[in-house]
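Next up: some structures, all given as C-alpha cells.
Consider the two complexes below, in which subunit A is the common component and subunit B and subunit C are the respective partners.
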Partner chain A sequence: MTLHFLHRHVLEDHLAGFETRPNPNHVTVYRRPLILSVLAHAGQEAAVFAHLAGMPGMDVRVCGPGEWMIVSAAGSRRAEEVAEELGALGGASVIDQSDGKVLLSIGGPSVRKILAKCLAVDLHPDVFAEGQSANMLCCHVAANLARTGLEMFEITVPRSLAGSVFEELMEMGREFALTASFSGG
Partner chain B sequence: MTSYRLDAGGAVNRAQALEFSFDGRSYKGLQGDTLASALLANDQVLMGRSFKYHRPRGPVTAGSAEPNALMTIGSGARAEPNARATTVELYQGLVAASQNRWPSLNHDFGAVNSLLSPFLGAGFYYKTFMWPAAFWEKVYEPLIRRAAGLGKLVLQADPDRYEKSWAHCDLLVVGAGPAGLMAALVAGRAGMRVILADEGFQAGGSLLCESASVGGQPAAAFAGTVLDELAGLPNVTLMARTTVFGWYDDMVFGSVERVQKHLASPSPDLPVERLWRIVAKRAILASGAEERPLVFGGNDRPGVMTATAARTYLNRYGVAVGGKVAVFTNGGAGYRTAADLAVRGVEVTAIIDARGQSSDVGPAGVRVIRNAGVISTRGKRRIDGLVLERSGFEEAIDCDALAMSGGWSPIVHLMCQRGAKPVWSDEAQAFLAPDVGSGFVAAGSSAGLTSLSACLRDGADKAATIAAELGFSAVPAVPVEVEGEYDASFAPVWYVPGAKDKAFVDFQNDVAVQELGIAQREGFRHIEHTKRYTTAGMATDQGKLGGVNTAGIVAAMRGVTPAEIGTTTFRPFYTPVSFGALAGAAQGSHAAPVRTSPLHGWAKKNGASFVESGLWYRSAWFGRDGEKGWRDSVDREVRTVRAHAGLCDVSTLGKIEIFGTGAAEFLNRIYCNAFLRLPIGKARYGLMLREDGIVFDDGTTSRLGDNHYVMTTTTAYAAEVMTHLEFCAQTFWPELDVRFVSVSDQWAQMSLAGPKARIIMSRVVQDDLSDAAFPFLSARSVTLRGWLKARLFRISFSGELAYELAVPAGLGEAVADAIMDAGREEGICAYGVEALNVLRIEKGFVTHSELDGRTTADDVGLGRMMAMQKPDFIGKRLSTRFGLTAADRLQLVGLKPVEPDKQIQAGAHLLKEHAQPSLANDQGFVSSACFSPTLDSFVALAMLKSGRERMGERINVWDALRRVEVPVDVCSPVFVDPDNIKLHA
Partner chain C sequence: MASLITCPHCGTRPKEEFAIRGDAEPRRPSAGDRDEAWLGYVYTRDNRKGRIHEYWHHAGGCRRWLVVERDNLTHAVYGVTDAAQFPKAEAAE
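Showing the complex of A and B:
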C-alpha cells in the first residue's frame, strides 16, 4: 500500500479564493522553495561562504556569524542532494528548513513605505544595498530580509507565524493597493 | 452677528467657504482657517468654560499651547474631546461642541463655583474632604470625579485605523518656521537625507503671520518658495501635520502625523493618525518661541489674548480679533501687533506699556500709556473694557479685545526630555535650551534669538555645521534680506500689581497668583511641589504657556532669581497623543502575532477548541456531538487513549538541531544527567538546571548521528533554551565545536499513544516497529509508505505505548489524516492538551506547573538523574548548597481525595489534619489537579513538606479562594502503571 500525502502551504487559507491581477505593489508567495540552514564550524566560515556564494541557482542569506540560509525560490533542487553536496565539503552542517520557513517577495514603487511600517531597519539603498540580507523583526516576528532589487525584497519568516505576518503586511500595504498571489499562478 | 473677517489678506482661500457647526449652530469659515480663526471671524470669542470656576474663556493663543479653546470635535464614535480649536484645521461639515458647561456655554450652572472661589483655593480638597474618613471613597471622590475633568470620552469602539512607521534620516528638523526652513534648505542642498516636520497643516511657522518681507517677497511667499524647492529635492521629506512629541534614546524621535484628522469622512484605506519613530543621525530644534501672557487682574476674559495670537489671526487668517483693540505690553511685540492692526484699519484704542521708557513708537494717532498696568477687565462673553492704573490713578478704557505681550520663552521641551534642564538666562529673561551635545541643537528663536534675520541665518548656519560634521559639503547659503524687522526686546513683568480680579497664571487649570502664594506659605516650595499642590502646569498644558510665568512669580515671591526656581520636568508628550496612535495597528486580530501549528487545520476539522499558550493556539480538546462540556470530551479522550489510541499535536514543542564534534560533551554539561554515551538512534529524557541548581527546563534529546542531535524543549521555554545554549557555547565553552539552529517550525510532530499505537503506526510507517526492532526510546529516521522520510521517536508523555512522528510541516495535515484513517477501526481519537495533561498527571510526569523555578530535581523526585560523578554540569555546584538539600523541602507527591468526587484545584494549600490555616502551618500546595477517568476520582500532584516520607498520611487541601476544604490521602505521584508495563509493551 502506498500513501499519498498532499503538501499544503500555510498561506493557502489566507490566499484562497482571490484571483487578483498583480498591482504595482505586490507580494509573491513561493509555493515550494528550497531553504536550508547552513552552519559553518569554527575556522571554516570563509571557505563555506565562498562555496555557498558560488552555488548556481542558490541565493545566500546572512543569518548571523557563520550562519546562512541558502534559498532557491523555484525549489529546483532536492534538499537531500544539496545537503549532501555541502556535507561533502566538511566544515558545514546543513539542515532542511524548506517546510519551516515561508518565503515571500514584496516589490513595487511603495515597497519601502510599506516595509517601514513592518520593520525598524533603514532600507535606503545606500544603507541596505541590493544583495544584502539580515535577520530582523518584521511585524513583531523574527524574519530574514534580503534586498533583491531597488524596489524588491525577500522576506523569510517562520511557518507558524507566516499567517500573522502576511495579514499584517497586507494591512500595511492597504493604502498602496498591495496585492498578493502564489508564484506561478 | 458681526463679521470680523477683513476684506483681504491672509493665507485663507476666500473662494472656498466651508460650513461647520459649533454647539449646534452653523457657521461659515474659509479653507485655510483653524476652527478658532473661523469662530473669531464670526464674533464667537467665547469658546469654553474654565476647568474649576467655569469662567467664560476665549482663545489666548493661535497655536498648540492653547489652554482655553478646548472642544469636542466630531460626533458619534469619532468624537474627540479636548481638541485645541486653535490648531484644528477647518473642514466642510466639521462638528464642534464646547465642554465643561451645563446647560449651555452661555449659561453655565457650574459658574456658581466662581462665586465660591474664595474657598476653592489650592489645597481646598486636601483640607476639606478629610472627614469623616469613610466618606472619601463613597461620597467625596465620586462627586469630585464627576465634577472634574474636561470633555467626555466616547465609550464606543474607535472606527478608524491607526499605524506606526519608522523613518530614518541624516537630519531631522523640528519645525518649519524661518530657522527650520533654512536649515532644511541648506542640508537638503548639501545632499543630506532630511526630514522636515511641522505640526501645522501649513508649513512656514511664523513666516505665515509675518508682515515683514523676506528676500524681496512677502514672508509667506518666501516660505512658499523655499518649500517648493524642498519639495523638489528627492532627499528631503516634508512632513506636515506632524508633531514631534518626544526625544528618546539613540536619537529616536516620536512623532504623530494627523493623516486624516482634517477630513469629515476618512478613507478606510488610510490611517487617521500615524505614529512615526524617526531615527536621526542629527536633529535641529526649530520649534520657535512662545509669547508669554501677562499676569494681571481679569487676564482670562474672552478677547484677551497674546499679541502674537492677535497678529496671527490678522495676518494669516484675515481676521480682526476686535473692532477696538487695546494692547498691553512689556516689549516691542505689542507695538508690532498694534502697527499691523492699524495698517489693516483696525482701531487700536491704546497701547499700555508696563515699561517707563522704551524706544518703541506706537502707530500714528494711537495713544501710548507708559509705566501703566491693567488691573481689571470687564465684559461677559467678550471683554468690553479695562481699567488701568498709572501712578496711583485708575483709568477705564473701552475695548473689545486686548492683546497682551509678556516677552518670549523659547520652546525647548524636546531637548529637556532626557534629563537636561533648561538654563535661565538673565540677558534673555528666559529659560534657554541646555547643551545636550552636538547630536541635537536648537536654532532660531528656540535658541533664544529674537530677530527674523538672525533666525534665518542661524538655521542655515547650524545646518551647514552639521553637514560638515557628517562629511557633506554644504553649499553656502545666500544671505536673505529682511525688511521691516522690529525690536522684540522686552523688560520682564511677572505680575502686574494691584489686581482687582483674579490674575491667572495657568488658564487651563484655573491657577491664579494667590494660589502660588498659598503653596509657598504652606511649604510646597520646590517648583515640582508647587505644581502638584496648585495644579499649575498639570494636565495637557504641562507648563507650555504658564510654566515660565509660574517660575518667575514664585521667584519674585521668594526674592530669588528664576534660575533658582527652575521649571518643572518636561516629559513626552509635548501635546497629547491618542491611544489609537500609540497602539497603531496592534488592535483586534492584530493585537499580537498568532502562532499556529502545522496541524492547526487538522485539529480544526476534527472539532478542536483552541487555547492560547503564549502566541500559540493549541488544540485543547475535540468536542463531539452530545458532549455537554469540555470535561466530557477530555474524559472520553483519556479513556480512548488508555484503551485504544489517540493522536495529539505536539508540534509546538521547541526543536533544536545540534551539530559538532563537541556536541556530546556540550550536552553532557548542559544537562544534569549523563549524555556523553547516548547511542545513535536513541532518545533520552534530559533535565537542565539553572546555575543556581534549580530546574530550568526538560525534554528529550535524540542522537541522530555521530555529531548530530535533535533536542526538544517545552513549548514555553523554546526560545529561552535556545538562548541559553547559544550563551553557554559562546561564553562558557567557546573551545567546543558545536552549532545549533532552531527547527521548531520545520516539523509537524504528532504523538500517537495507546495500546493500539504500534498497529496503527505500522500501517503508515514501513519500517519494522516491533518492540525488538524499535524498543522504548528509539529515535530514528523512518520511511512512510509512499517513501516520505520522517523522524520517529518512541517516547511517551502518557505512560502508554507511544510514538512521536515528525514529518515536514507542509505534509503534517496529510500524514495526520492518514494516521486517523489507519486507526479508525482501532477506535482512534484526536486528543488535545487538556487530555494530555490528565494523562501525564495520572502518570506523575512533571511540567512547568511543578518545574516552576523554585524546585530542584530532587524536589520533583528526579534526584537520581543528577550525575554528580560528571566533572561539571550547569547547576552542579550550587545544587549542593544548604537549603537546596534540606530534608523539609517541598517534595512531589500524589493526592487522592478521601471521597473521590471531591474536586481539588491547583493553587490550593496543604494543611495537616485539624491544623488552623496560617503561614506557619502551611505544608505546601497543589501544583496540578484533574479528574482522572482512569481512577474515576479527582487526583492531584502537590508539593508537600518532606512529602516522600509522608505516604499514606491524611491531610487537608485548603482552598480559601473557593472556600472548600478537602481531606486527601498522600500517595505516590504515579497513579497509573507504576511498573511501566504499558510503556514497554
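Showing the complex of A and C:
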C-alpha cells in the first residue's frame, strides 16, 4: 500500500465531521449563555414583565402565564448580579438556570422544514411571529422555542437531554446539509 | 382522541404535550363529609359518553391545568379554559 500526503482514511469524515465551514443551514451552540427563570408572584405579572422587557442585553422568553426565562446568548453579565437586580424588585422569584439549560440557535433557508420534523407546532410567521416564544415539545423534550428572525430560531433545552435533542436536530437536518459549531468558532 | 388542543396560553398544540387526569365535573366533598360522599367522589365515577369536561395538564408547554370540553364519541373539542377559571364559571351559573 502506498502512502502519500493526500492519503485520507475512508472514515476520516465520519470521525471528524463532514463540514468545518458553516452551511446556510447552521446550528450555533452558545458556550456560556446566561439563563434565568423568573416566576412572578400573583398580581405582579405586568410589573415584572415590564421590568424584564426593559433589561438591556437580555431577551425575554415566555414560558407560561407569569413565567419567563431571561436569556443572554453572550452571557455578558453575571447571573448573581441579574438575580440580585430582580430580587430587589420584589414580586418575582428568580433562579439561575445557566448551568441547567443549553441554548442552541438554528437558522437557514430550510429551517422550517427541519423543525417541522422535530416540532408539532405551526411555525408560519403569521402564527409564530418574530420575537414570539413558547414552551413546546422539541424532539420529545420539553423545550422553549423562540423566533429571533424570519428564518432563525433559538431552542433552550434541559442540559441532560441536550445531547439527544442535538443528535435528532442534526439527523433531521442532514438532507439540508445542516452544520453545527460553537459560537465564536 | 382529540389530536389538537388550543391551549389558552400557548395556542394550538398536539395532544402529545398533554397529560389527562380525568373528569372535571365531580365536586370534591369537604374534609368532614360523609363516607358515602367520599366513596362516590373517589371510586364510583360515571363513565359518560358524549360531551364531557376533562382536566388536561399541559405538561410539555405552559404546565398549567386546563379544562377541555370535548366529545369522547366524535372527538370534537368545544372549548379549553384554564382550570383556575373553571370553578368560577361553575359558581356563576
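By definition in this document, the second predicted complex is superposed on the first by the 166 of 185 C-alpha atoms of A that agree within 3 Å, B and C clash if a C-alpha of one lies under 4 Å from a C-alpha of the other, contacts with A are read in each partner's own complex, and residues count from 1 in each chain.
Note that contacts are C-beta pairs under 8 Å (C-beta built on N, C-alpha and C of every residue); 3 or more make two chains touch, one makes a residue touch a chain.
Predicted, not measured: the structure shown is a model, and the values here were computed from it.
Should A:E81 be classified as contacting the first partner (subunit B), the second (subunit C), both, or neither?
Touch partners of A:E81: none, neither subunit B nor subunit C.
Does the superposition put A:E130 against subunit B (first), subunit C (second), both, or neither?
The answer is neither, since A:E130 touches no partner chain.
Looking at the overlay, what does A:H41 touch: subunit B (first), subunit C (second), both, or neither?
A:H41 contacts subunit B only, not subunit C.
Going by the contact rule stated at the top, is it subunit B or subunit C that touches a larger number of residues on subunit A?
Between subunit B and subunit C, the winner on subunit A residue contacts is B.
Looking at A:A120, would you say it contacts subunit B, subunit C, both, or neither? Reply first, second, both or neither.
both
Would you mind listing the overlap between the subunit B footprint and the subunit C footprint on subunit A?
On subunit A, the overlap between the subunit B and subunit C contacts is residues 67, 120-122, 127.
Hey, which residues of subunit A end up touching subunit B in the complex?
The contact residues of subunit A facing subunit B are 1-10, 13, 37, 39-42, 66-67, 93, 95-101, 113, 116-117, 119-122, 124, 127, 139-141, 158-161, 163-165, 167-168, 171-172, 174-175.
Name, in rising order, each residue of subunit B that touches subunit A in their complex.
Going by the criterion above, the answer is residues 163-168, 193, 269-271, 277, 279, 585, 589-590, 592-598, 601, 615-616, 657, 659-660, 708, 737, 739-741, 743-747, 763-764, 784-788, 807-811, 813-815, 818.
Which subunit A residues qualify as touching subunit C in the complex?
63-65, 67, 120-122, 127, 134-137, 142
Would you tell me which residues of subunit C are touching subunit A in their complex?
Residues 9-14, 16-17, 59-64, 82 of subunit C touch subunit A in their complex.
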